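Sharing a structure here in structure tokens format.
Here the chain labels run A, B, C, D, E and F in written order, and each chain numbers its own residues starting at 1.
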Amino acid sequence: MARADGRTPDRLRPVKITRNWLDNAEGSVLVEFGGTRVLCAATVQDSVPRWRKGSGLGGWVTAEYAMLPRSTNTRSDRESVRGRIGGRTHEISRLIGRSLRACVDTKALGENTILLDCDVLQADGGTRTAAITGAYVALADAIRWMRKRRMTPGDPLIRSVAAVSVGVVNDVPMLDLCYTEDVAADTDMNVVVTGTGDFVEVQSTAEGTPFDRGQLDRLLDLAVAGCAELSELQRQALA
Amino acid sequence: MARADGRTPDRLRPVKITRNWLDNAEGSVLVEFGGTRVLCAATVQDSVPRWRKGSGLGGWVTAEYAMLPRSTNTRSDRESVRGRIGGRTHEISRLIGRSLRACVDTKALGENTILLDCDVLQADGGTRTAAITGAYVALADAIRWMRKRRMTPGDPLIRSVAAVSVGVVNDVPMLDLCYTEDVAADTDMNVVVTGTGDFVEVQSTAEGTPFDRGQLDRLLDLAVAGCAELSELQRQALA
Amino acid sequence: MARADGRTPDRLRPVKITRNWLDNAEGSVLVEFGGTRVLCAATVQDSVPRWRKGSGLGGWVTAEYAMLPRSTNTRSDRESVRGRIGGRTHEISRLIGRSLRACVDTKALGENTILLDCDVLQADGGTRTAAITGAYVALADAIRWMRKRRMTPGDPLIRSVAAVSVGVVNDVPMLDLCYTEDVAADTDMNVVVTGTGDFVEVQSTAEGTPFDRGQLDRLLDLAVAGCAELSELQRQALA
Amino acid sequence: MARADGRTPDRLRPVKITRNWLDNAEGSVLVEFGGTRVLCAATVQDSVPRWRKGSGLGGWVTAEYAMLPRSTNTRSDRESVRGRIGGRTHEISRLIGRSLRACVDTKALGENTILLDCDVLQADGGTRTAAITGAYVALADAIRWMRKRRMTPGDPLIRSVAAVSVGVVNDVPMLDLCYTEDVAADTDMNVVVTGTGDFVEVQSTAEGTPFDRGQLDRLLDLAVAGCAELSELQRQALA
Amino acid sequence: MARADGRTPDRLRPVKITRNWLDNAEGSVLVEFGGTRVLCAATVQDSVPRWRKGSGLGGWVTAEYAMLPRSTNTRSDRESVRGRIGGRTHEISRLIGRSLRACVDTKALGENTILLDCDVLQADGGTRTAAITGAYVALADAIRWMRKRRMTPGDPLIRSVAAVSVGVVNDVPMLDLCYTEDVAADTDMNVVVTGTGDFVEVQSTAEGTPFDRGQLDRLLDLAVAGCAELSELQRQALA
Amino acid sequence: MARADGRTPDRLRPVKITRNWLDNAEGSVLVEFGGTRVLCAATVQDSVPRWRKGSGLGGWVTAEYAMLPRSTNTRSDRESVRGRIGGRTHEISRLIGRSLRACVDTKALGENTILLDCDVLQADGGTRTAAITGAYVALADAIRWMRKRRMTPGDPLIRSVAAVSVGVVNDVPMLDLCYTEDVAADTDMNVVVTGTGDFVEVQSTAEGTPFDRGQLDRLLDLAVAGCAELSELQRQALA
């Protein structure tokens, strides 16, 4: 009944947030959730996508997620070699972008873009939630960098986000699944929560048996508590 | 406060399920949710993807979603012409596939694949949920076709699924959003529910302000009720 | 000696032209030649391809043809999934575009483009000729739409076109081949004819034994007569 | 009224057929129609495409056509660089393949494939018809090569084909158009004719005004006469 | 005249080789040449490319090189997003593969493949030479892993390789160029040297003025000395 | 010990340079090194790549290399059909481009581009070095063409380049390897030398045993002597 690493069901793995891992990026974070390691780099561009130019909508925040071929236990082919990006990669990149846009007042950002590259160096479950959690810190650093240079008309950072995975494994709802738990989970859920406890994304999937309202509620409780801890760690890292 | 077409917030648009719209497919349905029209075709293949062959896991169910270029108000370029499938298409194809797999006992299916093509002929909001709702009926017909030919070791159809979109528009939680409502929604949610009221997928996104637990609960209530109606319409169509 | 559906060799299948099948396109037609069903949508764009801009050549008319994966008896892979458009698709798109351009005085069209999307929903032979016949009606509707908005410097619609397939099956020249006849044909011909009986395209191919001048002449006679009937049906549909 | 190079309307340009232009191909021809130069190489493969294997249908003949980037007056981008083959290239490759298959009894060929690469080194109109005319000679050489090695169950070469373009320029029907004539032509036609004067392909397109039956007949007369000359030149080259 | 970081012309930057940076790869190294950081992962596959199977040639060693988008000062687009691998990436992947194959007796390797993924996390000049130097250590570890499992018929590791860049900057021949020196270099050279001082690759390019035999000789002297130091560091890391 | 064609180790194959092989290119050369035949076409464009526009850096010289599918003994698939350019093609195109840029003062060229297409019609070893040697002559002709039209602010042609391959076959250093020698070579080297005997590129690869400094020196001697002969042939061709 114990978890692979002896944690209780409501515990996060050891989380580590290392800022400024890269010398040149406007913000960069190596984020670790146990064995999962994601390098998040924020790039500031003084332009916006064509469809947004002069629209009065202000700036843009977007993300690209990818895994190194040997970040996983068995090697995967490179998407650059296959010549196309897979559905899972697309889906996660879109999720990260949406989640980070929730942190930003795009009008206060001015017609600038912040692009968040989230590259998984090692994958042990929860790569997308680690990526969101780390990318928020890189985003905050990139916005500080812009503010120092007076690039933005106002303060674009309006809230923080953190994310965590939860799931039901052997009928036990658990927080922050590692890879072996993720594979065994019946229901799998990724939740993105703001620093004040509201939801930005809830994505819940029955991998096996469909789940009922009670299970959904218990998983949400776990996720909200986990994200509160992660928010605190983000605050400390940025202090 | 009234909706574009005068519905109350908890009403579905007129739904129409036309079976056997194609002469040759093993199952085919033209499903209409108001102005949204999706052609769902089920193809039976007597093989499984290579990674599944001889694995003892049995059959496979998968889906491909696409929109005709002029299904929308302004024309979109064809993905075949662009040479790549976009992230949204990938994401929805994967959602439909996962949802339909929840209906099937793959071992009872034998080493066969059912592929569901969901092509949007006209889009007026809720194309992915209409696709899931229609594809279930096409899937049920394809399984009947297989059973008649004694292709399957058992009865693979273990439950039904239906899906609907819900959202908060001008602070009002609403069921089955049309395109103009979808664009205006603050929170947007797609829910896939079984015939017995359990969840297969819950995907909820804050397009604007993050949402709280109370809003989440009210949206889930609406979705569950809407899916119950859709399940009944599926039952009648298949009778 | 009789045909699959009992027709005499010089008869068309039942033809049905449904205008305004889509709510938003500037012109749209569902055209049916027996079991063949093609959705033709005309999109008006207030620009021309770059190579034509400011050339004094005026507007442009172009077309894209595609088949839904399960429009045929056995499913074909999507060209978007394969990442490339096949030779047959290219060839037919070009044929439709050329044929429709023959209907239009591009100078009178002004620097606008009309794009005709012809999507085969169900294929039972003659999809390209049905597409041309239906696309002409969608084109005429799109031009009416433009004329109402005074978008064009003159009346760009200078003639009508219709198209039909003919072929020699078991030594008998036949009009409007269905799929099983098409497969059995020795010589296969697609002819595009104007409303006044002149030729826009003649494409004749010996699938088996080469054909002589006499056979060519008999097939042309059949095609011209068939296209006269189709022109009349187009006129009625547009009345 | 005279043609660019002083020819009468019913004259071919100087035609030159150089066999064995390559040291290693099983058949190879440099064919020249005036300034148009096409290198045709036949490759023999002791296998057939997968869909044909063990079908009892015997061998296969196919073709690939391409233009060098600077074969034309203004350079075109390479299709390999663009990452996709254009519609025109696809269309001509298919035409050459169909035309050459008419020369071959595939059962007598055995389960072997002959692939004809037709690369345009310099283009001055009529590249597809020069390619077919040259490829026939390369094909005949490749079949001789196979017969010497007793690779084929019978003699697969059952007829010859030659091809020529014709068109109406300033109301005058003309044979074998060079590039400047081709651009000015109102009606453009490519005809593939067997050594005994039957048709394999007739492709006629109105570039401007639609054409009538009389014009069609006069163009066919010119083409048949031109192909008879080309067939004689092929015979001499192979003697 | 001094270098950016105060080194003398014949000095390497600080070099760091961290083994087992990944938990799951059969060999993995994070190699650092100053600010340049490359993650090298060796994957063992119990098969060989198709063209090598059963050829009696034994195993295979190959490599893939890539840069993270923000490894550089200004962000580069992902090759997976562009849908194609650039020329520089191809060229460097091939160079690494050839260099590492020089270390291996492929017959003693048996029909196994070792694939070396070299991903640049941060780029400050000399990424390809750092990659080769690090990949050798990962390769050696992967071979030890195989030997422990008795996967190879013999000992495939027959020599070591290390690599370094040299160049002429402001007329001064220099060892191990950082990015700013690389950009300013007149002649640029990458040299791959075995542990016993022989050459595996010499690639020398005049970026500006062509170079003479004397300059070539001086650069080779520097490179050979630098590689000797690197070989020693590799030996220590593997001890 | 004799070479395939009886040459001594220090002899070039018969070299033939035919200028103006194409009617329309601004410079064109068919270059032959024995059985190797490469068609080099220079295209002048009155613009530069976007990243160079208005940079004050002046014009640009670039190259594209490709092989016809049946230029080799066994046919290769077309890169256009595969949809991507291979690593070897990329690498050689870049080498040719760099080598030719060494001939040109880009400021004196003005904001114009010269693009060199090098298409291998027949391959018998040394295709990249033949391409460079021929492309130089096409480049010189294109610059003459520009100078006649006063397109350039100055004389951009500042030096000539020629290239040759050398290698060690059965322990004997040899000049200008044909295909069978190339395959058997232990060390393979391509050298690009100016008309005054300086180096533009030295690329040396150990295919088998690593090579020592003495072997490197002997190969360079052979290459420099061979390039001097080629430079003289270029001078004669351009006289």
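Methods note: contacts are C-beta pairs under 8 Å (C-beta built on N, C-alpha and C of every residue); 3 or more make two chains touch, one makes a residue touch a chain.
The UniProt protein names, listed by chain, are A, B, C, D, E, F = Ribonuclease PH.
These figures come from a predicted structure and were not determined experimentally.
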Q) In the touch network of chains, how many steps separate chain D from chain E on the shortest route? A) 2
Q: Could you pull out the chain whose C-alpha mean position is farthest off from that of chain E?
A: C
Q. Can you give the whole-Å distance between the Cα centres of chain C and chain D?
A. 27
Q | chain B and chain E, separation of their C-alpha mean positions in angstrom | A | 50
Q: Give the residues of chain E that touch two or more other chains, as numbers and ranges in rising order.
A: 83-85
Q: Please trace the ring of touching chains beginning with chain E, moving first to chain F, and write out the chain order.
A: E, F, D, C, B, A
Q) For the complex, which residues does chain B have touching chain A? A) 84-88, 90-91, 93-94, 98, 102, 159, 194, 198-206, 209-213, 216, 220
Q: In the complex, go through chain E and note every residue touching chain A.
A: 22-25, 28, 35, 39, 41, 43, 45, 64, 66, 68-73, 75, 78-81, 83-85, 89, 115, 117, 119, 121-122, 124
